[in-house]
Structure formats: C-alpha cells, structure tokens
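Each remark here refers to the structure printed beneath this line.
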Amino acid sequence: MFRTAAILVFAACLLSAAACQRADPNAAGGVMTVAGSTSIQPFAEMLAEEFMAGHPEFNINIQGGGSSAGIRAAQNGAAQIGMSSRNLKEKEKGLHETAIASDGIAVIVHRDNPLRGLSRAEVAGIFAGDYKSWKEIGGEGGTIHFVAREEGSGTRGAFEEMVMGDREISLRALVQASNGAVREIIARDPASIGYISLGLVDDRVRALAVDGAEATRRQIMDGQYKLSRPFLFLSREEPTGTAKAFIDFIMGPRGQELLSSEGLIPGGQ
Amino acid sequence: MEKLIEKGLLVIAYSSIAILFIITFFIFKEGLPFIFREGLGTILGGVEWRPTKGEFGILPMVVGSLLVTGGALVIGVPLGLSCAVFLVEFSKPKVRRILKPAIELLAGIPSVVYGFLGVILLVPLIRVHLGGPGLSLLAGSIILGIMILPTIISISIDVLEAVPQSYREGSIALGATTTQTVSMVVLKAARSGIVTAVILGMGRAIGETMAVIMVTGNAVAFPGSILDSIRTLTSNIGIELAYASGDHQEALFATGVVLFVMIMVLNLVASMTRKKRIR
Amino acid sequence: MIRLDPALSQKLVRWVLVSLTALTVSILVFIITYVLLKGLPVLGWEFLSTGAVDAGRGGGIFPFIVSTVFITVVALAIATPLGVGTAIYLTEYTRETAATRVVRFAAECLAGIPSIILGLFGFITFVLFLKLGWSILSGGLTLAIMVLPTIIRTSEEAIIAVPQNRRDVSTSLGGTRWQTVTRVVLPGALPGIVTGIMLSVGRCIGETAAVIFTAGSALGTPTSIFASGRTLAVHFYILATETDAFGMAYGTAAALIIAILTINTLAYWMMHRIMRKYS
Amino acid sequence: MEKIRVKGFGFAYQGGSVALENINLSVMRNEILGIMGPAQSGKSTLLRCLNRMVDALPGTSRKGSITLDGADIFSGEIDPDDLRRRVGMVFDVPVPLPRSIYENVAYGPKLHGVRGRKKLDELVEFGLRSAILWDEVKDRLGTSALRLSGGQQQRLCIARTLALDPEVILLDEPCSGLDPISTLKIEEALSELKSKYTIIIVTNNTKQAARVSDKAAYFLMGELVEYGRTKQIFTVPRDRRTDDYISGRFG
C-alpha cells in the first residue's frame, strides 16, 4: 500500500516538475497563441504567415479547437486571442471583440450537379432527411448524400441556427470534421450536398443560391444572402503587444485585402 | 548504493502499473460521473447522439464498431490465414524467409496512409459500381481488413511453425495428403494460437481511428446495408474531441470508457487463450 | 455431399491458397509502390527543406520533419529509461512472483490500449490538467506511454537471451548485481534493446490519433518543447482530408513511408542477426 | 593452518530437495582438495556455497556453518561480493566474456575499483603468467577472447580469477570439455598455483583427482561418503562405495 502511494507521489512529482518548467507565453519574445474556430484557422494561419514575414520579431502560434474552446481560451487566458466563428451567447459576453471579417455559409453541390438553387426550407428538408432522391426537389440523379459538420462545430452551429431552425439534422447525415473535408467529399461525389465557409468554395464545387440569392460577397453585403456569420477575434482585455500588432495588421489594408482575396467579407463593412 | 539502485528500478518497474492506473483513473474520472448521471442504459441503449442537445445514445456507435471489426475479420482472417498456411506448409522456406519479414514491415505503414488510399481509390470504386456514398461500412471493413493482415499473418506463421514436425510426419505416414494433414492435424494443433492472432487483429481493428474516420462517413445511424455509412466509438472521439466542451466532452470520455472496457475484455480473453496454449 | 478425389482436392486447395496469397501480397506491394510512385517525384530537396505555404497546399514539409523528430526524441528519452529499467527489474532483480505478473499484465494491457484513448488521456492530462497545452512535450509524453510496452517487451527478451553463465562469471569475480547488469548484461542485450527502440521510433513517426490532440497542428517550426508542432503524419492527415493538394499529400506520405520502412528494415535486420547469433 | 572449515553443513533447494546433508571437512592453506562424485552428488552445490553463488537462488535453506579463516561466511559481517573476490571460481565450461583477452582479465580488478593502465597491465600479465597463458597470447591481448581455443579459454578464465589475487580458488570440473593436452596444461598450472593459494577442484575424473590433489573427498547423493588424504583414499578406501567408484565399478 505504502509502496504504491510512494510511486504515485513520485510520478506526480515528475509530471508537475515538467509542468512548472513551462515557458511563460506572456513574456516578451514569447510565443503568442491564437486558438479557436477551425473555420477561421486556415485564414489566421495565412495571415500569421504573412504578418511574420514582415515582422520576424513576432512569433504567433495558431491552434484549432473550435469556437467554444476559443471563447474559453480567451476567457481564461490560455490563448491571448480566441477565435469564434459564431456570435457570443449572452453568458459568454464580456470579452473584447474584433470582427475581422464575416463569412458566408455556402450550400455546395458537385460541379456537375445541374441544380442552381434551393429554398431555405428545401435545404432544411434535405438535411432533416425528408428527401431521398434529387428528383424530389427538382434535381437530377439518385439518392442524396448529405454531408454535415460534426456536433460542436461552429459552422454546424451557425447552419442549424440559420437554416434548420427548430428542425434537427438527420443522424443519417455523413459527418466530416472540417470544412475542407466536407468540400473534398462534395467535389468527388456528384450526388452529394454539404455546407462550408463561402471562403473555401472552389471551382470543383458549386455554391447554390438560397431563397433566390446567389452566394456571393456582393449579395451578403447587400443583405440578400442571409447565411452569414462573423469571424471574431476575442481577448480578455484591450489587446496589447503582439496581439495588438497582429490585429492591427489584419484590420489594416493588407490584412483586409488578403481576407477579401480568400473570399471573405472584410470586417470593416 | 546497490540498495538504492534496486529501489530505483523497483519504482521504475511499478511506474508502468502506475501509468496504466493513471490512464484508467483519468478516463474513468471524466467519463464515469457522466455515465452515472445519465444512466448506463440511456447511454448504451440510446440511439440518438445529439450531444449539444442533451442526447447521448451511443448504441449506433457500439454497433458500428462491432460491424466494422467483424467485417475486417471476414476479409482479413481468410486472406491472412491462407497466406500463412501457404507460406508455412506449401512454399519453399526461401520464399517464406523473404515474404515474412516483408509482410511484417508493412505493419509499420501509418494508418492514415491506408485511410487516404481508401478515400482516393476504394471509396469512388464502391460509389460508382455498388452505389451509396462510397464512404461506408464496406470501405471501412476492407481497409481495416488489409490493415490487420500483417498482424494475423505474422502471428499465424509463428504459430504454425511451432506445430511439431512429427505431427505432420505422422499424418503423412498414414497416407494423408498435405492438404488433409494441414486441415486435420496442423490447423487443429494450432487452433488456440490462431485464435490469439485473430483476437490481436480484432484489437487493432476495434482501436483504429484515423483510417476509419476517413472512409466510413461517420453517420450516427444503424446501417441498412454494408453500403451505408457508420460511425465507430473511436471515430466518435476522433471527430468531436477537438470541439467538445462541458457535457459533450464528458460524453466523449464516456465513449472512451465503453471502448476501454471492450478492449480490456478483449485483452483478458487474449491473455487467457495465450496462457491456455502455453499449458 | 460429393467426395473429392484427394489428389484433386490437394490441387484445388493449393491453387486457392496460391491465389489468396498472391492477392494478399499484391495488395500490400501495391500500397507501397503506388504511394512511392506518386510521391517520389514531389520528394526533392526543396520539398524537404522548406516550410509550408498556403496551409500546406504548397511549399515543403521541413517544419513537420522537425516536429516529428522532436516528438520522437522526447518520447524515447522518456520511454527508454522507463522501459529498459522495468525490463532490468523484472529479469534481474526479482523472481517470477505475483507482483511481477501484475507488472507484465499491466504492460500487456497498456499495449492493447488504442492510441485514440491515449490521445484522450494525453489531452485531458497533459494538455489540460498539467496545462502543458498542445505541445511537443504533451505529444512526446503521450507517445512515450504508447511505445513503453514495446520497449519493455523487446528489452526483456534481449536481456533474457544473454547467457546466464556470463552473469555467473561476473558474480563469481565479486561483481555486484548492478555491475553485472551494466557491464555484462546490458552490453549483451544492447542490439535487442536498440531494435526495440527503433521499432518504437517507427511507431512514433506513423502515429496520428495520439498526437493530433496532444501536440496540436501548428504550421510553424517548433522552437521549444513547449511549442505546438505538427508531425508528418498529422500533416498528411490534414492534407489528405481537408485539401485537394494530393501532390503534397503523396510527397508527405512517401517521406513517411520511406522513413518508417528504413528504420524498421534496419531493426529487423538487427533482430535477424541477433537471432542467428544465439541459435 | 586451516583455511576453510565446513561443519555439519546441509543445503536444500527450493521445494525442499536436499542437495547436501551434514557435511564435515576442512581444507588447509596451500592444499588442493579434490572432490569426486557422480552427477547430482552435491559436489558442485558445495562449491557454489563456498563463495555464496547460491545466494541468487530462491527458496533455499541451509544448516551448519562454513568458515573462512575462522569467520562464518554466511554471517552479516562478510560482504558476499568481497567474499567472492577472496574465493575465486572457475566454471565447468569456459565462459569468456565477449571482450578482448586483456579486458577479460582486467574485468575483475576493474569491478573492485582498480584504475590506472599501469596497475591493470601488471595484474593482467600476472594473471596470464600464473595460468601459463602469457606466452601464447602476449602479442594479441587486444583480440577477442572468443577466438581462443577451448583450453586457452579455460586458462583465460583461471587467469581472470587470479587477477583478483584471491585466497581460495574453486574449480568446477575445469577440464570436462578439454582434450588431454589442454588438461595437462591446466593441471600443470594448478600445481604451481598451490604454493600461493588454497584450491578446491571438483572433478569426475578420478585419475585427475589422484594426480593433483592432496586431500580427496567422495560425494554420493548429498552425502560425504569418504574424506581423507588422497593417497589413503586411492590405496585403502574405508568405504566400499568409494572403492567401487575409484575402481570404475560404480553404476
């Protein structure tokens, strides 16, 4: 008994010794961590790459984890900047928010799918599992393969809020853990449909018009295309140091231009 | 000094138990309270997995894990066993000397590579020729079946080689053909060893994560056919861990607890059959 | 039931076995050659020595090679002393008792735990509980646990294979147990221990599930063990599932496979040499 | 002067199988004791008790005492590792360590903390000369000991023991696997070593016992059947079983 206890204490000492030696990320010259939404992650990585190319004295580390984790990380200081691809809930308020851009959610199908548009109710019906075949909604081809994001993802949350309403995404939906993975499946399967960030749509997939509005930046800015959400950078307090420099870069002309060229709607607008 | 070294080594040796204990402790600490709160029945028997809305049924995933593992065995065992029997009983020793290590080397290929080839080559094949989304129970079974081949072949070869030569000679002296000898004498003698090989293959299949996430489509529903998508317990953790928080995260640990218990039972069975064989 | 002529059934069985073996072997050969054929053209100096551009769709894999090496080194720096120490204790310092059987059983169980469970454990323990964050250290600790059973088992086998009379000689010359272990047993067991370590390196390089939740997936080159890093296998997984940069994916896969196969081949070659020496 | 005294000594292995029962004998300084007996007679067990090599075995039990220079070797005041330095042992099959000839002989001294090239050189040369091996190997000390012939290997093992400058040397059938010429060389070495050391040699070759030993003992099934001056045992054995054995009627 004593022996086991002694061993456990020993192991615990080893582990905590390791823990104590951890570098302080807030120290000057340390690494700044940006964590959260995987929808924002690829854009943040690209921005950080560009930012650090011009400012080699800064070191920024981008992590995924999802919007909820990003909000928590900002609250408890685990990350200097948290990323969220959905609006904060009432009980999450109190953080310093910067909307770096907004992103449309595109409902996408294979390039060869002749369908051009659906109503929001039809999209909801597809994902609720009401329609078995493309013919039932005026398309061509056989069984519909619908691909959703996994539970907990910000994109799924936004899609449920804006499209599904009080309906549930069917459990029969194929599930992928990232927007890129959803796109790759849609790009390969002519009978499939899914939803991803508008910024990630490429020419192998087609973004459908929803309720008659094309999924373009113009239509989002005009308020015609309704499926859009903000990309938020969150921090506990007014950002300073590396965080401030990075956010300033993003909100400046070069950063906004980069986001724009990736298909996002600049945050200033 | 000597005493000190002995004590140090003792601490090191017992730390491997401690690690197992700590792992078990942490997984159960996160998962068990949740299981008690929600009820084992509602979790294990529930068919709805909507963790952000308070529904935590993992039955479809338990079934998915069992089905895909069963499928992997259906594909991997006949292929692997035939290969082992051929190499030990019918081929020249030289062929075996080259092929056995070559096959064992393949156990080192990362599972993500198998998964990727599954997505690129196998899934479109299934979708175009058999129907469905391609991401399916069938694709998962085939990929896992191939992945467990090295394990099954290598252990089966060891087991078959361990069957005393005198058994074969005795049978052949009675006028039996090689085939009859193999099916009636050798395989019988090697039975429990082959069971161990199969169980170890099963352990690998049931525990595999990344390749399965890539090729099975991960729908949380009972499959209607082998062309339908499934989700395994491992995929459930793999897909959702990154985003989960609160109850959802605990539910994933509960999934881990269920998986952990399944694997431990399997380990126990494997270690029992191994002991029986030694006796 | 039709009774087949034994000679005919012999032919039939042989034919079936040959074709199944051929199928098995060709599947496995195909996987390697396919990946290498697609990947080798990408795999140039440029690819190996530069960082990723555009989240991996362009550029190279240098940061991921660095992360992989870091994590593997950390894992083995922890697992080797623990594993070899445990093996020394089990073989040289105790006799077979209930306690040693428990240690062995624990190691066996540890070997059977799926890597996703280890990932789950590493995530909750190292990343969250010990606040190490997604880091090389968290990933390395998790992988250390994963390879510990392999190192214990191969070291034990290697130590047991050292002839007993060498220990007797050392003892009879007044050597203490520890002197005997360090001067006679370990030098004799070294090739076997190194083989185990190399096989473990192979597993660390190829692992995804245990690393992705513990070391994270940062694109940059890690500057310390507290920084997050993306290993080759994780990078490959992300490329393979989230992008259409197949060229980059194949190149990464080829790098992975070449590294692992080279290390494993060396390990098997050494093992073969040892076995020949002692048999 | 008495070097070793074995008094009422008994020994049993795990599970209670008795290997030695009530053994009484003594060995004088600079004397060679030859122990004869068939397999399983307990003679090797006695040897392994004399330098406590049996310590490593589980579940053993013993009775009586063994003293070295009057001190009980099993008592707490004697350190087993030090005892083994003082009481060297050579095994039945030559066991060279997979190192060079030099390193083999220097192994023991190094264990006991001898440092310095010069000191080690001296000890190696001393050991090899005493074992009558020096002239054969002095030009190739760096080569692997595994390359030596069987007889040379066994003499190397003796040299390795001697390099520790022990007081007693135990030899467990040292010539069992060797040809007559190698055997002769080892016997030659032994008769020279007698002037400096106390030697106990186990052998199942009665002629060898007759040739080299001053005193002889005959063991049978854990019992000391007869013990006395070699001359007396080989000419007028008191026990009929001894007579049977040395005249080859045993079995």
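Per-chain residue numbering starts at 1, and chain names A, B, C and D are given in the order in which the chains are listed.
In this text, contacts are C-beta pairs under 8 Å (C-beta built on N, C-alpha and C of every residue); 3 or more make two chains touch, one makes a residue touch a chain.
Note that this is a predicted model, so its numbers are computed, not measured.
S.K.: What chains do chain A and chain B have as common neighbours?
M.R.: The common neighbours are C.
S.K.: Greatest Cα-centroid separation from chain A: which chain?
M.R.: Centre of mass proxy via C-alpha means gives D as farthest from chain A.
S.K.: Which chain pair racks up the highest number of C-beta contacts?
M.R.: Among the chain pairs, B-C has the highest number of C-beta contacts.
S.K.: Any idea how many Å lie between the Cα centroids of chain B and chain D?
M.R.: It comes to 56 Å between the two C-alpha centres.
S.K.: In whole angstrom, what separates the CA-based centres of chain C and chain D?
M.R.: Computed value for the inter-centroid distance: 48 Å.
S.K.: With chain centres taken as the means of their Cα atoms, state the distance from chain B to chain C in Å.
M.R.: 17
S.K.: Can you check how far apart chain A and chain D are, centre to centre, with Cα atoms defining each centre and the answer in Å?
M.R.: 80
S.K.: Name the residues of chain C that each touch 2 or more other chains.
M.R.: Correct list: 176, 241.
S.K.: Using the touch rule from the top of the page, what residues of chain D touch 2 or more other chains?
M.R.: Chain D, residues with two or more chain partners: not present.
S.K.: Residues of chain A that contact two or more other chains, please.
M.R.: 64, 176-177
S.K.: If you connect every pair of chains that touch, what shape comes out? Choose line, ring, star, complete or other.
M.R.: Here the contact pattern is something else, fitting no line, ring, star or complete shape.
S.K.: Chain pairs in touch?
M.R.: Result of the pairwise touch check is A-B, A-C, B-C, C-D.
S.K.: Touching chain A in the complex: which residues of chain C?
M.R.: Against chain A, the touching part of chain C is residues 53-55, 130-134, 137, 141, 216-220, 223-224, 226-228, 241-244.
S.K.: Which of the residues in chain C end up touching chain D in this complex?
M.R.: 95, 163, 165-166, 168-176, 179, 183-184, 187-188
S.K.: What part of chain B is in contact with chain A in the complex they form?
M.R.: Contacts found on chain B: 11, 14-15, 17-19, 21-22, 47-53, 60, 123-124, 127, 131-135, 213, 217-221, 229, 231, 238-240, 242-245, 248.
S.K.: Taking the complex as given, what residues does chain B use to touch chain C?
M.R.: Those residues of chain B that touch chain C are 1-2, 5-6, 8-10, 12-17, 19-23, 26-27, 30, 78-80, 82-83, 85-87, 90, 99, 101-106, 108-117, 119-120, 146, 149-150, 153, 177-180, 203, 206-210, 214, 234, 237-238, 241-242, 252-253, 256, 259-260, 263-264, 266-267, 270-271.
S.K.: Which residues, counting only chain A, touch chain B once they are in their complex?
M.R.: Result: residues 3-4, 6-8, 10-11, 38, 64-69, 72, 142-143, 145, 150-154, 157, 168, 170-177, 185, 188-189, 191-192 of chain A touch chain B.
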